[in-house]
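For reference, the structure is listed below as structure tokens.
Order of writing sets the chain letters: A, B, C, D, E and F. Residues in each chain are counted from 1.
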Amino acid sequence: MPYVNIQVTREGTSSGESKTTADQKARLIKGVSDLLLEVLGKPQSSTFVVIEEVEMENWGVGGLPVADYRKQLAAEKAK
Amino acid sequence: MPYVNIQVTREGTSSGESKTTADQKARLIKGVSDLLLEVLGKPQSSTFVVIEEVEMENWGVGGLPVADYRKQLAAEKAK
Amino acid sequence: MPYVNIQVTREGTSSGESKTTADQKARLIKGVSDLLLEVLGKPQSSTFVVIEEVEMENWGVGGLPVADYRKQLAAEKAK
Amino acid sequence: MPYVNIQVTREGTSSGESKTTADQKARLIKGVSDLLLEVLGKPQSSTFVVIEEVEMENWGVGGLPVADYRKQLAAEKAK
Amino acid sequence: MPYVNIQVTREGTSSGESKTTADQKARLIKGVSDLLLEVLGKPQSSTFVVIEEVEMENWGVGGLPVADYRKQLAAEKAK
Amino acid sequence: MPYVNIQVTREGTSSGESKTTADQKARLIKGVSDLLLEVLGKPQSSTFVVIEEVEMENWGVGGLPVADYRKQLAAEKAK
């Protein structure tokens, strides 16, 4: 009876998209459910997958909102 | 000092509604707080209840987004 | 397809117990499942309830570990 | 590799604002990351902070939605 | 920068084991990280996976602790 | 009424310790509560902080359990 919670930043990762698409979500759900069946033998009907999309300004890493963190990394690389 | 997190799909469950109503949320909050007082003696003022409504396409079960899963179940029953 | 997460401090609340008993947990599970059926019409077979017991020193309130916070409250009342 | 999840009600706490501002979020992210570095020596690049803003009607305390709970407290104080 | 939380009951799923093995956990971690790279292009170094094993008596489904629920299902099938 | 959940690997970070100490936990609780008061004006009595210590083999990053990931990083640096 697994429960899986996936948190990602709300942003597009395929061209022309500004957020995770329904198709990408369906692939995440299928992939995680397949994995739990394969590794632990959990029947798919008892696996819940919940995807949470988090606004960019609500996600922090490196002590900064993620957009600022990426700019900082890019600037360091450019040195 | 309990903390309770309730995750449900964002959809209407009473007629004419497309989401959980404020009244339904208030009943969930009261019900959970009553339960923790009754079973564990926790004072209601120190029980937090947080309700999260999850978009249908973000909730998976049976390896599928929940809407597809329900269609599949319905199709199987109709056989 | 609700998922409910209940977090409580790991401590006994009935006489002679040092933690939540299996019977108390079963009552919490039943109570929450009944509530979601009653308020939102969710079938019980698709409601997951996960109880997490948190060590006292891992739970903070009022800027203090919960045991210290209770002592502080008791001392204030005794004034 | 810490992960920190901060849940707050979605409401303004500085004058003229109806929600937590981007600047306040950046200060929360920095503050938590500094704290984990200081107390546990965790490098900031491996600390994730996720802020979740919860609608007022989705947050319960004292057996009531938080707005009703505050009204009740205010009424008691006014007695 | 995804964060994935996997909750499973604490029980063995391979012969002779009473809990999820370190090898099974490693496969879950790899599988989820591969999936997020493949579907969303997320670099593996910024994907956190946290596995939580939940005591059987702390997991409820169908209004019952999971062990009781399984017995009930088995009894129904045996009819 | 904030709720803050802090997840860290279960390991010692000060000399001679194999886990986070009670004193370190108290400092995390105080630090987070101070921060929420300072940034959002939240009274400390209504801030909950819950610390979860996660077994090393249950935490993954870079597609690996965290211990293996650190070894890999160290090996790369040593090249």
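To be clear about the criterion, a contact is a pair of C-beta atoms (placed from the backbone, for glycine too) under 8 Å apart; a residue touches a chain by one contact, two chains touch by 3 or more.
For reference, the UniProt names are A, B, C, D, E, F = Tautomerase.
Fair warning: this is a prediction, and the values are worked out from it, not measured in the lab.
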{"item": "Chain located farthest away, centre of subunit B (Tautomerase) as origin (C-alpha)", "value": "F"}
{"item": "Centroid spacing, where centroids are CA-atom means, of subunit B (Tautomerase) and subunit D (Tautomerase) in whole angstrom", "value": "22"}
{"item": "Rounded Å distance between subunit B (Tautomerase) and subunit E (Tautomerase), as computed from the means of their C-alpha atoms", "value": "21"}
{"item": "Intercentroid distance (Cα basis), subunit E (Tautomerase) paired with subunit D (Tautomerase), Å", "value": "30"}
{"item": "Multi-partner residues of subunit C (Tautomerase) (each touching 2 or more other chains)", "value": "1, 3, 7, 28, 32, 48, 50, 59, 61"}
{"item": "Topology of the chain contact graph, where touching chains are joined (line, ring, star, complete, other)", "value": "other"}
{"item": "In the complex with subunit E (Tautomerase), residue positions of subunit F (Tautomerase) that touch it", "value": "7, 54, 57-65, 68"}
{"item": "Touch list for subunit E (Tautomerase) against partner subunit D (Tautomerase), complex", "value": "1, 3, 48, 50"}
{"item": "Parts of subunit A (Tautomerase) lying in touch with subunit E (Tautomerase), wherever the complex brings them together", "value": "1-9, 13, 20, 24, 27-28, 31-32, 35-36, 38-42, 46, 59, 61, 66"}
{"item": "Residues of subunit F (Tautomerase) touching subunit C (Tautomerase) in the complex", "value": "22, 25-26, 28-30, 32-34, 44-45, 47-53"}
